[in-house]
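Chain nomenclature is as follows: A, B, C, D and E, assigned in order of appearance, with residue numbering initiated at 1 for each chain independently.
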Amino acid sequence: MGKLLELTNVHSYYGHIHALQGISLHVEEGEIVTLIGSNGAGKSTTLRTISGLIHAREGKVHLDGKDITHTEPHIVVSQGVGHVPEGRGIFPKLTVQENLEMGAFTVNDQKIIKDRLDLTFELFPRLKERISQFGGTLSGGEQQMLAIGRGLMQNPRILMLDEPSMGLAPVLVDVIFDTIKKLNEQGTTILLVEQNALMALSIAHRGYVLQTGSIVLTDDAAKLKKNEMVQKSYLGID
Amino acid sequence: MKQFTSNPFYKFILFPIGQIIVFALGASLVLSLFTVLLAYIFRGFMTEFDLVERVLLILPQVVINGLTIGFVYSTIALGYTMVYGVLEFINFSHSEIFMVGGIVGVELMAYFDHTGALQTMNQYVIIALAILLGMVISGSLAVTVERVAYKPLRGAPRLVPLISAIGMSFFLQDAVRLILSLTTGEFNVILPNFGTFDEFLILAVPGIATPLRFQIKSILLVGVTVIMLVGLNYLVNGTKVGKAIRAVAQDRPSASLMGINVNMIISITFLIGGALGGAAGVLFALKATKLDPFVGFFPGLKAFTAAVLGGIGNLTGALLGGLILGLLESFSASYLSTFTNGAFGAEYKDIFAFAVLILVLILRPSGLLGQTVGQKA
Amino acid sequence: GQPPAATEAPVVTEAPVATEAPTEAPVVSMGTIKIATQSPLSGGQSLLGVAIKQGAELALEQLGGELAAMGYDVQLAPYDDQATPDVGVANAKNIVADSEILCGVGHLNSGVMIPSSEEYHTAGLAFISPANTNPVVTTRGYLEVNRVVGRDDVQAPAAEEYAFSTLGAKSVYIIHDKTAYGQGVAEFFRVAAEEDAITVVDFVGTEETANFDAIVTPLVAAAPDVVFFAGIYNQAGVFFKQAREAGYEGTFLGTDGMDSSDLADLAGDALTSGGGMAYTTVAGPVSAYPAAATFATDYTAKFGAAPEAYAAQAYDAMGICLASIKAAAEAAGGTPTRAQVAEAIRAISYEGLTSTIAFDEIGDLPLAKYFIIKVNATSKDTWGSNEIIASFDLASPGK
Amino acid sequence: MKTFFSELYKKANSGFWPIFITLGLLIAGTISVYQSPRSLSAFLTLMLCPLLVYFMKINMKVKTFIGLILVIVILPVLGIRNIFYLEVIFQMAVFAALALGLNIVIGMAGLLDLGYVAFYAVGAYTWAIFGSKQLSLLHSIPGAAPAGAEFALSPNYFWLFLFLGVGLAALAGILLGLPVLRLRGDYLAIVTLGFGEVIRVLALNLDKPINLTNGPQGITPIQRPPLPPEFILSPIRNLLTPIVGHVPSEAEFYNVFFYFLALIIIMIAITVATRLEDSRIGRAWTAIREDETAAIAMGIPLVKMKLAAFAAGASFAGAMGALYAANRTFVSPETFSFLQSIGVLTMVILGGLGSIPGVIFGASAVVILNIQVLQNFSLYLSELRQSDAVIPIINFAWKDLSNQLDPAKYQKLVFGIILVVMMIFRPSGLIPAERRKRELVEDKE
Amino acid sequence: MSLLQTTNVIKRFGGLVAVNKMTFSVDEGHIVSIIGPNGAGKTTFFNSLTGIYRPEEGEIMFKDHSLIGLRPDQVSARGISRTFQNIRLFGSMTVIENILVGMHIRLKQNALDALFRSKKFHAEEKEAEQKASDLMEYVGLKNVGNELARNLPYGGQRRIEIARALAANPTLLLLDEPTAGMNPNETEDAIKLFRRIRDEKGITILLIEHDMRVVMGISEHITVMDYGEKIAEGSPQEIRKNQRVIEAYLGREAASSKD
């Protein structure tokens, strides 16, 4: 098991807003790692910096030992990083089917595409019902399913999920977490950002806690779950 | 049936051609019927002549004229619509891209004329070469313009690239004039005379007094544009590049997360739009026989209107919009004077076109074929 | 290969050249005098506009010697009116504010000249137009506005007369370009035609420049004897060609806007087939002016292209400016005022390339030359083969 | 180096320095323009003053005072000395007012209007038709004015028509707005473009069946409102004569008069724009611009608000149109072309969309650039060509410059390049709106 | 007496019946929730209530007046405010401006007041600004009044949306997944906020949520939708035990977990 992904002292900005203030973290091959933290802590920004949607002004991002700090997102993606962004990023005027196909843009193996499509529809039968509806007219939760499905279609080595349970009905939340676990067992590395920290920590191996752009705590998931500060601030357990 | 519709030959050749034919014939028919109906209604008001007879006399020719120019508009409109679709801004310099294509094509023919090849070579080979050159030059020019004047502006407020495009448009007009006039100060480029393009194909239709006359260049023009439209349709709907174009159009960050090289796709879009514009320029030159650096403005404006009429961002819409606009123009310019006994004439044709545009947009706010798939509340 | 400016200018002015100029004394600098030109130097009409500027430039170079000898540094101040009234007026204000400018040559478009000359008039700055034929240019009666060409209200009836008498036309189709010039000419033609009971099949204005199908179709169906085009050659040439292609067989007729060799390149055979093509003009071909032969060669040598229409007129306009300034300077015994120059222009009798020029009390030529030219050319190179089938000296109708 | 300059700037912008520098420049500019009335650089120096006044840290009252002195005293006086400056500042004022109006429509309400000059045309033709002899020429052929035609109204009616122009333009705005309000973004753009063309084509063609606009010939002469009475003028004349070096003529007085009228309209425009901007209406416009659906759900009546924006924007154009017609005593359809609309749009965006000082500055900059800098530059080059000047180093004589490269012919090319370059380096405009400035900083990266 | 009463509301998209015969009421002063699987039609129902969609059939009565056919701004003027599932703030306006926009219909000033800066205008603006900052504090935002709305983190944006909706002084507040994207602690705060809004301001709240802590914690009444139809209705206790709801929506685990 090597370090698949590594961030060293990463600083990212939105204009003059200093969103990441020296983040260092790593994800090893085969792991599920979760980032937790309150609103605005910089979780989404971390994922965006990794996938190249924004570039770090300082520090380095390495994928498999290669420096990808300033690599454009389409190259990062083609190197096996999947990113299901916050806000879903559905193509509103493509149908559900086409949206999913877009997910497999860099995949050439027809068999994988078919398998993944089947998997997606198995997870979210709802999407199959809506297969030729435009993405933009889906309900919020349906869009979330589509975004996750599209991430699956990419067949990435490492899948980064930004709040995948947001807006999903409770039954589906369970399904999502089961799926993440299953994917991981089949060999996909996972970097997970979740507000539902309790569930995230239940399936993750390790976790990082972010506070206003910095990492304040990191440990095994099980231990974090028992950490008093974490319990108090993020799990809602007093 | 389902099997058949997913057959690529049907999907990418038969269907689009069928669509074009339906649009062309449909629009012609509707307008013709409407005009004839009006003529019947107002028949009594004209004492000097029989209005219906007047109308019918030139009707076939009016329709042919309208369709011919309509196809040119359609082809230019595609360039606007493609760029609009992807970058959501009105590429004002597209009319200059169109102009450059035309001028380059004509200059090539003039060069052949100069070397004497014009009279010996097959006329269709010459045209094909001219169109090809026009496409290459215009396509590359469009890509260059994008790189220089629009790319640095990504993420800037929406109207900024619009102004940059206007600046580009001014620049190109004068730059082309500068180049053309370097030697003699002369900047009109004139199509050399060759071949049989001016001649007519005469088709006697039983039941119609005057035979139909199709000018060879009109047939050529329509033929080439149809081929290009079909090609474009395949490219956009049948290939991965097309899919990527659509994705980039809708959400750039998401597209890049799908592994799409956004910059390259934008360049490709400009390349295709520019090439179409260039081809349209050459075909237009065949018709107009003279071009100058300022010739792009009006066709550009019309084409843009056509793109909006059809629903901007929608390729089929651009096609339909162009045809309708061409027909409207032809009908209004040819008939307005007859109907109003000289009080209003051809000079109102643009008003007519705009009036119809406004009417259409009132009834269908996103154009004839544009869909409103907004974000949900 | 230019003749040095001071030698033998092919001009005899009213006051014979200062023969007794002191030869030994070094020329005392008397300051700068500028002569403005205003014409479209950019945009679609710049070909003619540039010709005006260049004609004037050549004249200044060849004829400016006398003023230079008097100690003046004479300069050309070329302005680009972009064929737009607004720009013309703004430039006009700039021109009148430059006190060194004593005279001006311009414009190409009557639509620009008319508002701009309001400024010249208020400022008392004389302008000489080499090209404006719209009557209103002079009928306002301004001292400062002059022209060295004829008028549309003579030219258009002359064209109509030709259509009626020589061609025997019974029906005519009138088309114009929706400019002040084109529409003006077209209206004069229509009035004349109606007086002669010629049927006006249609009276159409169009801004279209490339695709005339929609206009041509009803035209061909109506088959009038004559099509009268009031506009500029680069629109007309395309129109003629398309009309012929569509099967029109009658005669095309036009006015001075047709006067460019480019017309032949544009329209080709269309000019000679069927009923052919003829136009009236106020500025005949250079060959029509014996005095202009060297002008044409000099112009071509300097600018690399043969003179377009109005270049010779601009040359004359500049010549008149120079001569009048000189006359006024001599009369005033120093740098003249604008008013003096304007007066001098009205008083002059000037032997120009195009004719002996003098102005009546509103700035028109009392007798202007009008030509009717039948086009035989089918390409630029043969433009010289056009025939002057009639030329008249017609009096200005006055105010 | 950079820190050196920013230090310098900081220093210059603290304590008494700003007033010092500004006044210094103002006086230097005034004197140099006075001394050499045709020098472009002198005039540009003077025109830098308002910018400086705007940017320097000076007490607001002092700022206003300096600005007013410049605009009300210095410019008109210098304008009488060189009448062309009156034209420049008049055009600046006209276009500033147009830009302010368009800014309401585009900058505040976010409605892209590509046919804005239509409203300008409405205002101009309103007075042109009634303030000229056109009414008695309704049945005559355009161009051939028969003798005996009379002015229909006394020139005093101009004042009434100024308001009528405003009203009619606003009405036209509403008429245009009503059918197209459901349209979003660029659909609206093309419809307004079409509307602009329609108005122009109507002006061009309504010479038949009745001759309302005199077609392409345009309408002239148009009457001007009477100047203030002699007892006001003559002391001014006496005062000015020694200063400007000649007795100011009536024409010059007229130009000053129109300049002041334009100034008044601008003042009104600025007041209206700023006051509307920070009120409930302005906020509603911004909200609509940002997100129509959310705005309407917040209880903002879309139709009413959009119409208000159209009408407010149009009314300034109407006023300026009437003023323009009277100033020029001539109108023709060419003034109201699509390119003119684009020109005004350019001023708005170049100056800074949504920023009131920005659009005024944008309008001024484009006017100066177009009618002065570019013209002057090409005149200068053409002087060089007539002289014996030689470019050193490469030893190139200006005389040998090919005629085809005559710079006078390529003003538009230069203008085009300036537009592109400006957009690349200052996309938010020369003086960005506060809001946009913030936005843009955050958009970077 | 019920504040809002709908009868047989139907909204279709093409062949899809997104809302099917919804008959539903909200009593004044209550907190009422709508839950249901994704795509059940909840948001569509909201949009039908607020005039963004016009239902094909059915009646919507609010304070005994029909809302059918009213535009969204008119509905808003009747006293219904809302937030959006996908946040729809005016991103490049400041936080305080966003809230002021929310006050639009409550302000009395007209164009003339604005132009002449009448006393009334100044007084009203001042009061409005005061009220806006009070509201910001009320929803738990401090010192961000001059930030651009879009620069706030997710949770902050949700709060502005609520403050903006409250600014219109509504009688009924519609919240579409207001706590999505909030962590448990923030959700707790939000719950308290909703209670306070109801208790202190007396505003009736209708809520869509997927977070059962919120739904079960504060609702007096819950309606469950699936495939556009109402499938159950009742108190939190009743709903939690409803077999059909468990199967379609809650899942076994959530149903069994403590609230």
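The rule we apply is simple: a residue touches a chain if its C-beta (ideal position, glycine included) is under 8 Å from a C-beta of that chain, and two chains touch if they have at least 3 such contacts.
Quick caveat: nothing in here was measured; it's all calculated off a predicted structure.
Path length between chain C and chain E in the chain contact graph, taken as the least number of steps between touching chains: 2.
Of all chains in the assembly, those touching chain A and also chain D are B, E. Set side by side, D-E and A-B show the greater C-beta contact count at D-E.
Seen from the C-alpha centroid of chain A, the farthest chain centroid is that of C. Ranking all chains by how far their C-alpha centres lie from the centre of chain E, first place goes to C. Computed centre separation for the pair chain A/chain E is 29 angstrom, with centres defined by C-alpha atoms. A straight line joining the Cα centres of chain B and chain D is 35 Å long. Look at where the CA atoms of chain B average out and do the same for chain E: the two points lie 48 Å apart.
Distance between chain C and chain D, defined via averaged C-alpha coordinates, is recorded as 34 Å.
The set of chain E residues touching two or more other chains comprises 43, 52, 84-86, 88, 151. For chain D, residues that reach two or more other chains under the stated contact definition are 204-205, 293, 297, 403-404, 409-410, 412, 436, 439, 442-444.
Among the residues of chain A, those touching two or more other chains are numbered 14, 17, 137, 139-140. In the complex of the two chains, the chain E residues touching chain D come out as 50, 52, 71-73, 76-77, 81-82, 84, 88-93, 97, 100-105, 107, 109, 111, 113-115, 117, 121, 125, 148, 150-151, 164, 168. Against chain C, in their complex, chain D makes its touches with residues 37-38, 82-87, 91, 141-145, 204-205, 207, 215-218, 220, 249, 251, 328-330, 332, 334-335, 371-372, 375, 378-379, 382-383, 386, 403-404, 406, 408-412.
Interface residues of chain A, counted against chain B in their complex, comprise 51-53, 72-74, 77-78, 83, 85, 89-94, 98, 101-103, 105-106, 134, 136-137, 139-140, 150, 154.
If you check the complex, the residues on chain B that touch chain D are 84, 88, 90, 148-149, 152-153, 155-157, 159-164, 166-175, 177-178, 181-183, 185, 301, 304-305, 308, 312, 343-344, 347-348, 350-351, 354-355, 357-358, 361-362, 365-367, 374-375, 377. Interface residues of chain B facing chain A in the complex, by the touch rule stated above, are 240, 243-244, 246-247, 250-251, 253-262, 371, 373-376.
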